[in-house]
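The letters A, B, C and D name the chains in turn, as written, and every chain counts its residues from 1.
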Amino acid sequence: MGEVRLRVLYFAAAREAAGVESEEVSLEEEGTDDRGTPYATTEALEELLLGRYPKLKDIFRTVVLAVNMDYVDKGARVKLAPGDEVALIPPIGGG
Amino acid sequence: MGEVRLRVLYFAAAREAAGVESEEVSLEEEGTDDRGTPYATTEALEELLLGRYPKLKDIFRTVVLAVNMDYVDKGARVKLAPGDEVALIPPIGGG
Amino acid sequence: MSSQVSGDSTESVHVEVVAEGRLSLDRAVDWVECPRSGAIATFSGVVRDNSDGRQVDHLDYEAYVPMAVKVMRSIGERIVKERGVSKIFMAHRVGRLQVKEPAVVIAVSAPHRAEAIGASRLAIDELKLQVPIFKKEVFVDGSHWKSNRP
Amino acid sequence: MSSQVSGDSTESVHVEVVAEGRLSLDRAVDWVECPRSGAIATFSGVVRDNSDGRQVDHLDYEAYVPMAVKVMRSIGERIVKERGVSKIFMAHRVGRLQVKEPAVVIAVSAPHRAEAIGASRLAIDELKLQVPIFKKEVFVDGSHWKSNRP
């Protein structure tokens, strides 16, 4: 089976819960798209991160993902390709 | 009969029509109020000014009076006491 | 206040009619700033280079100054009292103004943005309706008094 | 742009995330000024000395900077396209801010006041809803991340 390597960024409360700012993460390929590129999913990524960083659980309900700087609807299952950048975005407080 | 002396101010288009910036105007007393002070009326004042400055007629429809810095509703008949300040206010254009 | 400025100032309302010099937005903002107000909204009315398609050379503003100050102050006081605003600053220029020069500057501070922005809109709307200030638009080919009312 | 500023600029939209120094309202207004726009509205979000009754010592802002710039720019572009606005400038500070320092400055120019003021309100509302910037309120006795959503 192939591997999907991703870059994961942690902000604010997510960084404090995970204790890390950014890291490379590798997920198992769940299939390949029509151009043969392997993909994984945000669902698998969430499972991995929650397992790896238990403290994330407390705040995960309020964390939204952004894939390549586009928000992903909470709970939506989105495909992830090698090299994608996924950010964990806690509640925002700008302005 | 008594006399009611007023100070009349002309602004913008009213000044240009009347050709004067401010002047003392004297009106005939139309009566005295309960404290015995003689009064005239805005109606009499308008008649006097329209007679004196024919060019005012063209713009008078759009001119509003202010007595002692309080607007008078267009066409309202208001008493004027000696020493009152009456301003001719053409359409305003501030801001 | 310098001879060029007629105005009035209370703890939360400052108004002025200024005969010369460029109105300062910074000064307006500094005046309304207060630690408990997190939102500051401002509005500037700036001389445009055209009006109804005609090319403007400059504007001449004139005011019934003491009444203008009086009305501006009553607008400010009502806004502070009724709109949850902390402080309001209103300044209007009279005399000759060139294109791009500010004719009016309004600043409002409030604890939250809705009150600050809403009040700045109300302040400029009321000013244009009530304050005895007169605007002569001078074009390259003539001039006329311009009313706020269509 | 200096190393302290990440941003993006088109002819009518300028956005920036600034790591250091005080945001300048004058700079924002100068940027949006244009001869055919007679109305300039601004909004500044300033650090308050209290939040929900607790005394604030300072704020720490953090941002997913490239995405913040991207989202601010798309907000600006939509406002120019849909709201009859001539130009819009949006700047947000990150890093440590003291009380009374501006965290965000927005300026909008338009031919008329309704569009300018309306757009400044829309811009700050959208920014607070969408832009990935995070606010940590540091009190004299503790701190917490503060969300815009109640």
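FYI, a residue touches a chain if its C-beta (ideal position, glycine included) is under 8 Å from a C-beta of that chain, and two chains touch if they have at least 3 such contacts.
The chain lineup, named per UniProt: A, B = Molybdopterin synthase sulfur carrier subunit; C, D = Molybdopterin biosynthesis protein MoaE.
Predicted, not measured: the structure shown is a model, and the values here were computed from it.
Participant: For subunit C and subunit D, let me know how many angstrom lie between their CA-based centres, rounded off.
Facilitator: Computed value for the inter-centroid distance: 24 Å.
Participant: Which integer distance in Å separates the CA centroid of subunit B from that of subunit C?
Facilitator: That gives a centre separation of 28 Å.
Participant: What is the distance in Å between the mean C-alpha positions of subunit A and subunit B?
Facilitator: 76
Participant: What positions in subunit B touch 2 or more of the other chains?
Facilitator: In subunit B, residues 95 touch at least two other chains, as defined above.
Participant: Taking each residue of subunit C in turn, which ones touch at least two of the other chains?
Facilitator: 45, 113, 124
Participant: Graph of touching chains, which shape: line, ring, star, complete, other?
Facilitator: Topology of touching chains reads as a line.
Participant: Dump the list of chain pairs that touch, please.
Facilitator: A-D, B-C, C-D
Participant: Going by the contact rule at the top, pick out the subunit C residues touching subunit B in the complex.
Facilitator: Within the complex, subunit C touches subunit B at residues 45, 61-64, 66-68, 70, 92, 103-104, 124, 127-136, 145-149.
Participant: Of all residues in subunit B, which touch subunit C in the complex?
Facilitator: Residues of subunit B touching subunit C: 9, 11-13, 62, 66, 69, 87, 89-95.
Participant: Going by the contact rule set out above, which residues of subunit C touch subunit D in the complex?
Facilitator: 25-26, 29, 33, 35-50, 99-100, 111, 113-114, 116-117, 120-121, 124-125
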